[in-house]
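Both complexes below contain chain A, partnered by chain B and then by chain C.
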Partner chain A sequence: MGCFNIYIFNRQGTCIYYHEWFRPKSVKQGAGTLQDDQKQMFGLFWTLSNFCATMDPKDQDKPQLGTPRKIGQGCKFRSFTTNSYKCNFLEVPSGIKLVLNTHREAPDLTDVLQALYDDIFVEYVVKNPMYVPGQPFQSEQFVNALNAFLRQNGLLQQQQIMQAAV
Partner chain B sequence: MSVYSLYVINKSGGLIYNRDFCEAARVETNDSLRLASIWHSLHAIASQLSPVPGCTGIELLEADTFNLHCFQTLTGTKFLLVVDPHASFIPALLQRIYELYSDYVMKNPFYETEQVIKCELFDENVELLIRRYLQQVT
Partner chain C sequence: MLRGGPAGARNAPSLEQINAEVFTLTYGSIVRQLISDFEDIEEVNKQLEQMGYNMGIRLVDEFLAKAKITRCSSFRDTADVVAKQALPMFLNVSANVANWSPDQTECSLVLTDNPLADFVELPEEYRELKYCNVLAGVVRGALEMVNMEVECRWVSDMLKGDDCYELRIKLKEHRDEKFPFKDDD
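For the complex of A and B:
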């Protein structure tokens, strides 16, 4: 129960932050290396966002598949659920993408991800004067605030807090 | 309309059946073929990226204006149903569609497996099932 891992990507597709709490199936069994895993995750979301924009049944002039899509244009993809996990996604207007893998019974986490961005990422990362926007970062304050926030929302159990694996 | 469209994908990722129940949901033929193949690959990548072992692929995709339910059979055939976010009992509906598929498509002696579905009885019965479902929920 709870969260498995979190990825934060910048506009260009580089993973600027990765943290895992509980990952029984190691990266080696999945994509191979952590870098490949992050690249595949980004590709998955990029394609799913385009897929949703084209499939949208309520949009009168939806984009054709393959046309470049601007950030925030078209129907936004929120999450997908598989039989073992649920993947929650949020893309903010600046292009930063947050991906949170949780157990499959989790409710709609769009507000949680938005609050995570507003209260934690912006406060501890963007407002940090030493931080170069779009670059990978490591911040102990960010990790502590993240863990506290997720525990508050009931997404993290005490025994799941592990060492950051960046 | 609660139910927007139905797609059936064979085990190699090719689109073998596409039915829109609503005018707004219409996607161009070429795009629908590409969407089906894309879905097939994404389904596989999602299980590879799973942090937990034993993942069999995407079952539900949630977006702002629609939900997409996917039912995968033991043979690898996938049934996708694009519905309204507030629609209920969709897994049962997908199970019924699978039963209609096994009755009117698989038992049709002229149907070749993995080919495009052109069975009138299947079309009629799917239409009837969806209409009955919509009547029950409204």
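For the complex of A and C:
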């Protein structure tokens, strides 16, 4: 139960932050290396967003599949659920993308991801003078705030944090 | 400020505030230091713009987090948001958008009061100095992060005797989202 991992990408596709709490199937069995795994995740998000915008049944002037989009055009992709996990997305107009994999029964986490961006990413990363936009960052304050926030929202059990710390 | 509880009404974000005079005097001393370091006014203008750009690329995230705007569908909307929400939020001044060009790609932000330039008098030998150039850089940097490439320049400056501060913003390109990786495997 709880969160499995989190990716934060910037517009250029660089994964500027990755953290996993619980990932029993190792990366080697999946994508091969962590970098490939992150690239694939980014590509997946990209394709799904484009696909959703194109297949939107309510939109008057939706783009054709394959045409380049402008930011914010078309509907926004939120999450997908499989039989073992749920993958939640959020994309911000400045290009920062958050991907959070949680347990299957998690509710709609759009607000949670938005709050994560507003209160934690902006506070501890953007305002950090050592942060270079476009480069992966390390910040203990950010990690602590992230864990506390997810725990508050009931997405992270105490033993998971201890497992990850080991 | 962390939320306490599941999705529901969120607290209004607390914006830290700084004393206006401290801000003005700090900026003034930065400009003074740049002038004595570089001695060439054009170079100082460029440095101010670059500093503003570096600030703008980070500031936009904070603005998006605090302002919760829905997307802007056009450059016109964007200019309005910058003038009516972003500038009041960060500088506590409001601006008007005016002088739209016929094809809607150029406009002016008109400010009647500018906290950066309070108490400032520009001597004759610094006539070429664009004192508030950092603001032009901030706007350029911030809009670049939302895929709008713009060019900002000051057309009137109260320090030089005009009656308002006018920043001309020209939209060069509204870029589409581009997939950053090459299509291999």
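Quick notes on this structure:
The rule is short, and it goes like this: the second predicted complex is superposed on the first by the 161 of 166 C-alpha atoms of A that agree within 3 Å, B and C clash if a C-alpha of one lies under 4 Å from a C-alpha of the other, contacts with A are read in each partner's own complex, and residues count from 1 in each chain.
Here is the rule we use: contacts are C-beta pairs under 8 Å (C-beta built on N, C-alpha and C of every residue); 3 or more make two chains touch, one makes a residue touch a chain.
The model shown is predicted, which means the values in this text are computed figures rather than measured ones.
Upon superposition of the two complexes on chain A, no clash is found between chain B and chain C, which fit side by side.
Looking at the shared chain after the overlay, A:4 reaches chain B, while chain C stays out of its contact range. Look at A:148: by the touch rule set out above, it reaches chain C but stays clear of chain B.
In the superposed three-chain arrangement, the CA centre of chain A forms the vertex of an angle with the CA centres of chain B and chain C, and that angle is 120 degrees when rounded to a multiple of 10.
Once the two complexes are laid over each other on the shared chain, residue contacts for A:23 go to chain B alone; chain C is not touched.
Of the two partner chains placed around the shared chain by superposition, chain B is the only one that A:37 touches, whereas chain C remains out of contact. When the shared chain is aligned, chain C comes close enough to touch A:92, but chain B does not. Shortest separation of chain B and chain C in the overlay equals 14 Å (C-alpha atoms, whole Å). For the contact definition in use here, the residues of chain A common to its chain B contact set and its chain C contact set are 43, 108.
Interface of chain A with chain B (complex): residues 4-5, 20, 22-25, 29-31, 37, 40-41, 43-44, 47-48, 51-52, 54-60, 64-66, 75-85, 87, 101, 108. Looking at the complex, you find that chain A touches chain C at residues 11-13, 39, 42-43, 46, 68-72, 92-96, 107-108, 111-112, 115, 117-122, 126-127, 131, 133, 145, 148-149, 152-154.
On chain B, the positions that touch chain A within their shared complex are 4-5, 22, 24-25, 27-28, 31, 34-35, 38-39, 42, 45-66, 68, 82. Contact residues on chain C toward chain A in their complex (touch as defined above): 1-7, 10, 13, 57-58, 60-62, 64-66, 71-73, 145-147, 174-181.
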